[in-house]
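Chain lettering (A, B, C and D) follows the sequence in which the chains are written, and residue indices restart at 1 in each chain.
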Amino acid sequence: MFAGYSAGELTAIFAMQGFAGLILFSVFVLMALGLAIIFGQMGVINMAHGEFMILGAYVTYLVSHAFADYMPALFSFYFFVAMALAFLASGALGMLVEWGLIRHLYRRPLDTLLATWGLSLILQQIYRSVFGAREVGVTIPDWMMGSLPLTDMIEVPINGLFVMALALGISVAIYLLMFRSRWGQQVRAINQNRVMAGAVGINTERTDRLTFGIGCGIAGVAGSAFTMIGSTGPTSGQLYIVDTFLVVVFGGAGSILGTIASAFTISQAQSVLEFFLSGSMAKVITLLVVVGILMLRPQGLFALKLRK
Amino acid sequence: MSIHQTSFVLSVEDLTVSFDGFKAVDGLTFYVEPNECRVMIGPNGAGKTTVLDLICGRTRATSGSVRFKDQELLSMREDQIVLAGVGRKFQTPSVYEDLSVFENLELSFPRGHGVFGSLFFRRDAEVKDRIQEIAETIFLADLLDEKAAFLSHGQKQWLEIGMLLIQDPELLMLDEPVAGMSVAERKKTAELLNRIIDHRSVIVIEHDMGFVEDIATRVTVLHQGKTLSEGKMDKVKNDPKVIEVYLGH
Amino acid sequence: MQIDRKTRFLTREEAIYFGLLAAVIFLILPLALDSFRLNLFGKYLTYAFVAIGLVLCWGAGGILSLGQGVFFGLGGYAMAMFLKLEASTPEATAIQSTPGIPDFMDWNQITALPWWWEPFNSLAFSLIAVVIVPVAFAFIIGVAMFRRRVGGVYFAIITQAIAAILTILIIGQQGFTGGVNGITDLRTLKGWDIRTDEAKEILYFVNAVLLFACLFAAQYVRRSKLGRLLIAMRDQEDRVRFSGYDVASFKIFVFCLGAAFAGIGGAMFTLQVGFMSPTLVGIVPSIEMVIFAAVGGRLSILGAVYGTLLVNWAKTTLSESFPELWLLGLGALFIAVVMFFPNGLAGLWSEQVMPRLRKLFAGRGAGARPPAAPFPANSASAPDSPAAKAAAE
Amino acid sequence: MTDFSKPKTPGMSRRAVLAGGAALTASLFAPRGLRAQDFPTAAVNTTGLAVTDSTVTIGILHSVTGTMAISETGSVQAEKLAIEQINAMGGVLGRKIQFIQEDGASDWPTFAEKARKLLVNDKVASVMGCWTSASRKAVLPVFEQHNGMLYYPTFYEGLEQSPNVIYTGQEATQQIIAGLDWVNQTKGAKSFYLLGSDYIWPRTSNKIARKHIENFMEGCEVVGEEYYPLGHTQFNSVINKIKLRKPDVIYAIVVGGSNVAFYKQLKAAGIDPTKESPIVLTISVTEDEIRGIGGENIEGSYACMKYFQSLDNPNNIEFVKAFKEMWGADMVIGDVTQAAYLGPWLWKAAVEAAGSFDIDKVREASPGIELPTAPEGYVKIHENHHLWSKTRVGRARMDGQYDVVFETADLVEPNPFPEGYQ
C-alpha cells in the first residue's frame, strides 16, 4: 500500500499516525481515569459514567452560549471556565448520587451496576427533556479548531494537543492527589482496610463521597473536552461506556498506572489496526484481543500478586 | 522412588512460595506417617496456614513438591485433592449458612461430585443413615433441619468437622479447631477431635498448648517459613531455639 | 412447618403457584386478550426464557451475565436462517440477480449460499442449532472464564463486551447476516404461514408449553443437589471447592443451561415476531433482561416470569400513552428494585403479602419459624397480584 | 429548553397555517371544499377502516425516544403540520384527519409491534412513519399482511418496492448519480474515497457510487472504501489514510453521532472543506445534522439530496414559514423532514382521486398522483411507488444552511432496482 510514495510523504504519514494514536490514547485516559478511581478505589461499577461525561458537555454548551451572549470579547477563553464548571457540576451530581444511592450498596457491587444503569436511563431522559432529542452544536473557539503545520505535510490538530495536555494534566493531578494529599492517603487506607481505616479516625463516609465526586468530576471535564471531537446529545454517553470499562478492567482495577498503560496499549493497537484494516474489523479485532487477554489474565495487566 | 518415601502418607519436600519476593514458606520439608497426628506451631506469620493452603491447592507453590501417597498434589486442582483424600477445615467456621445442617452434611457426602452426578443425586437410605450417624457424633442430631445460620459459633465448628468426617479423608488438616470456643465447647471439641483423629493422619495448627500436648504425635515448629524444630513434644519444648522465638517470650 | 427432608419435585405450596401461573398463561391471557395483545404477551414470554436462565445463573449461582442477549440472538438467528431460506425460493426471489438466496445476500453481491448456511435448509438441524449453538458458545466462554476463576464484576463486564463484539460483527458482515436490518420478512414454517392470527395463537401456546418445560427443568435443577450446590457456591465458593467439587464445571453447566433457555426463547421470538435483528443481541436488551429477572425476584423462577410480563406490559402501556415517561419509569424501577426490593416481586410476596394472608386466614401456628431467609429451601415463588392483575386486563 | 413535541403559540399559528395551507393548495388539482355527505362512509370505506362521517384516523409511527429520536423528531413535526393544514382546508373527503402517534423507541421489534397495533387495533387508514431501513424492514411484513399503507420519508438504499409503501424520499440512484456526475464535470474530480457508517444504506449507496464511478465515469477511480461501526467517534486514523491517498473527493456517508466526530476531526486535522482540496461530498448531512456538527466545522462541504431549506420557490417559502410558526423560529428543515411533509398530502391526493379510503383503491390511484405544491417543487408518484424528483447539490454555509449550487434539469426517475449497479 506504500508503493509510489516518497520517503518524505511516508515519514509525514507515520508521524501523523503516531499523533493519532496519542490522541486516542489521551481520549481513553480521560474517559477511564474517573472510572478507574471509582471502580478501583471503591469497587463501584458506575454505568452512568458516560452520562456524567455528557453533563460536562452540556455545561460547556451552556457556558459557550452565556459567553457568546454576555461576554463575546472573552469567547476565545470560555473553554477553561466551562471545564471548571463541568468539573463542579458533575462532581456535585456525583456526590449527590453517592449520598442518595451508592452508599447504600457498597456491599453489593453487582447491584450498583444495575442501579447506576437505571440512573443513566433517568439522566438520558432528563437531558432529552431539557435540551431536546437532537444533538446540540457546541461552538469551539477558532483558535482551538485549527491545526499546527509543523512541516509542509505534517499537521498537528490543536484540539488533539489540547486533549493530550489535559490528559497529562489530570493524570498528574490525580497522582499528586492520590500520593501526596491527605485525601489520597485516606482513600488508599480505606481501600486496603475499611474497618481499620474507620477505627483510626478516618471519616470513611466523607472520603467515599469525595472520591465518587472527584471521579465523576473528572468524567465531567472529559465530557467537556470531548465537545471538541465528538457529539453532544442525550445518548452520546453510551458511545463511550464499553471502551471505558474495558480500559479499566484491562489495566487491572485498583491501579491508576495500570489504567494508563492499558489505555496506551488499546489505543495503539486500535489506531494501528484502523490504519491497516477497515474500521469495523479493527474495532472487532481490538475488542477480541482485549477480551482474549482478559480471559488469560483476568486480574488485568498490572494487578499485584497478593497473599490471600 | 524409594520404598521409604511411599510409606509416608504425605511428603512435603523443599516447598517454597514467594509473594512478590517475600518467601512466606521457604524450602520446607517434612513427612507425615500413617495415623500420625502432626501439630504445627509457630508465631503469627510463621507460614502455618500458608503451608495448609499449599497442600490443599488453595495457594500455588513457587517450587518444591507435595506428594500424597503416590500423587503429586501441586499439579492438581483443589477438588481433585479433596477427592484424593485430603480434607481441610478452615480457621473461621465455614459452613453454608443458607442451607440446613442436613443439607450441609449432604453436600459433603462422597458421592455425586460431578455435574451430572449431583444433578441426578438421590437422597437414599444410605445417605440419610450416614448423615444421622455423623450428626449424632457432632452433637447436632436434634438440629438437622435448622438453618446453619442459626447455629452458635461452636456448633458451626462442629458442623464443619462433621462435614469433614462424612468425607472420610485419609489426611485431615485442621486450622485452629478450638479457637474462639467457650470452655465447655472446647472440652466437647477436644473429645470429638480425639475420636476422629483415630485411624487417619492429621495435621493440626493450634496455639492451645494443653490441647497440643494432648493430641500430638509429633510437633513441627515453623519460623519465618522454615522448620525451626521438629520431633516429640518434649524434645521441641526444650529446644532452646524454640524457647527463644516462641515459647519463652 | 417442618422442612420436608424428602427431595420432592414440588412442595404443595409450589404446586399451587405453578398451577396459578399455568392458569394465567394458558387460560386467563388467551381468554381475556384479543389476538394482537395475545401475540404481544407471547413476545414478552420469550424474554421470560432468558429471565429464568438468569435466576439460575445470577440468583442461585451468583454469576451475573450482561450478555444473555447473545444467546437469545444466536437461538433466534438459527431459527431465522431456516425460515429465511424457506422464504427465499427461486420463484419468490426471481427479481434478484441470483435467485434462490436470501435477498440481503443478493444486495451484497453474494452469488452463492455460504457453506455454513447450507445446513439450515434442514428444520431438524436448525432446531438442534437453536439450542446447541448458544450452549456451545456459552461453554467456550464458561470454560475460558470460570476455569480461570473470573467472576463477579469482571465476568459481567466481559460478557457485556462480548455482546458488543457480536453486535458489531453481525452488523459488519451484512452479506451473511442481514446486517443492522436483521433477517426479515419470514413467512412460512414447512409451508405453514406463521403470519396469520391463527398461527400466532398456536405459536403462543407452543411458546407457553416450552416455557413450562423450561420452568420444570429449572425447578428440577433447583430441587436437585446441584441446586443446593449453586447456593452454597454463591456464598462460600472456596468451601465448596474443599468439599471436593469442581466449582468451575458447575458454573459452566448452569451458564450453558441459561444459554439453552435463552436460545429457545430467541427462536420463539423469531417465530412470533417474524424477524431477528442485532438490536436484540446488544448490551441494552441484555441488561433489560436482567432487570426482568430482578423485578420478578432474582431468586424465584416463577417471579422471573411475572417480572418479565409486568415490565414489558408497563413498557408497552407507558410508551403508548407517555413515551417520555417510559425511560424515567424504567430507570426508577431499576433503582427501586435494587435499593428497596432486592428480592423483587417474589420477595414482596413471601415477605409482605403471605405473612399477612396467613395471619388473616389462619391465626394459629403460622409465624412459628423465623422469617424466610433469602433463599428458603421451600422457596415461595410469587404469583404476585399486580402482575396477575396486569396480565388479566 | 425547547419542547419539540408541542407547537409554539398554537393560537397564533392557526391563522398562519390556514393561509399557508390555502396557498399550498392553490394549484392542487383535487376539487376543493369536498363535503363529507357527498361521500357516504359506507361507500368510501368498505374495509372497516377508522373512518366516521366526520373524521378519518391515520397513524404516525416514529421514534420519540432512543437514539433515533434525534433524527425522527423533524419528521413527526412535518407530518403534524401537513395534517393540520389539510384539516384547516376541510380535511380529506370532507373528513378531518385525526392521528394516533406511536413511539417506535428506536427499537425494531417495537416498530413491528406498534405497526400491528395501528393496523389491527386502530384500523388506521394510512401510516406516516419509520426512518431507518431496519425499522421499515421490520414493519413491512406487517403492512403486507394486514394490507396497510405506509408513507416512508427517508432517502434510502432502494432494492425494495412494496405495494404497501409509498417512498417519499429518494432511492439511492436518484440521490447519488447526479451528484457524482456534477462533481466530475464541474470540479474535474477523478478520484474518490468512499467512507461510511457500517450498515446497509451507506454500503449499498457506496456500491452504487463505486459502480457508477468505475463503469460510467471515464478516467475516474475509487481509491479507498471503508466503514466504521455506528457510534464510532475516532476518525484520526482514517483521516491520515485519506491524506495518504490524496483523493479529489471524500464521499462520506457517515451518520448519527459519528457525523459530528468525523467533521470536527476532519477540520481539526487540517482538511478544511472550504478549500476544496479534497472536496467533501456527502449524502447524509441535512440541515438537521449540521445543528449538531456546527456550521463552522462543515462549511464548504457539498451535500447531494433533493431538498434544501434554502430552496427559493413560493411553495418552499410558504412551507418554511408555516413550519417555523408551528414549531418555533429556530427550527431547521432537512431533506427528510420535507419528504415526511409530503406523506399526508400525497395520501390525501390519492384518496380523493380514488374517491375512497380503501387501501386497494388508494394504491391503484397512487401512481401518477402529482403534487405541484411540494416545497421541493413538482413531484409525481412513479409506478414503482417512489417519487419522480429533482436532485440538487448544496454547499454548506457557516450558518448551517446550504447554498444550492446545482439542480438537475429534469425530474430524475426512481429506479430502486438499478440495472448495472448490482
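Going forward, contacts are C-beta pairs under 8 Å (C-beta built on N, C-alpha and C of every residue); 3 or more make two chains touch, one makes a residue touch a chain.
Being a predicted model, the structure only gives us computed values, none of them experimental.
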Most central chain, judged by mean Cα position vs. mean of all protein Cα atoms, is C
Report back the single chain whose CA centre is most distant from the CA centre of chain C. B
Which interface, named by its two chains, has the most contact pairs? A-D
Quick one: chain C and chain D, Cα centre-to-centre, how many Å? 38
So the centre of each chain is just the mean of its C-alpha atoms; given that, what is the distance between chain A and chain B in Å? 49
Would you please write down the residue numbers of chain A that are in contact with two or more other chains? 125, 128-129, 280, 283
Multi-chain touching residues of chain D, meaning two or more other chains, are 64-65, 198, 227, 229
Could you list which residues of chain B touch at least two other chains? 58
State the interface residues of chain B toward chain C in the complex, per the touch definition above. 56, 58, 77-80, 82-83, 87-88, 90, 94-100, 102-103, 106-108, 110, 112-115, 118-123, 128, 144-145, 147, 149-150, 163, 167
Which stretch or stretches of chain A touch chain D in the complex? 5, 9, 13, 16-17, 19-20, 23-24, 27, 125, 128-140, 142, 145-147, 149, 155, 157-160, 228-236, 238-240, 270-271, 274-275, 278-280, 283
Complex interface listing, chain C residues touching chain D: 34-36, 39-40, 43, 95, 97, 103-104, 106-109, 168, 171-172, 174, 179-182, 184-187, 195-196, 269, 273-275, 277, 279-280, 316, 319-320, 323-324, 326-327
So in the complex, the part of chain C that touches chain A is made up of which residues? 58, 64, 66, 144-145, 148-150, 152-154, 156-158, 160-162, 164-165, 168-169, 171-172, 283, 287, 290-291, 294, 324, 327-328, 330-335, 337-339, 342
Chain A residues touching chain C in their complex are 43, 45, 101, 104-105, 108-111, 113-115, 117-122, 124-126, 128-129, 242, 245-246, 249, 280-281, 283-284, 287-288, 290-291, 294-296, 298
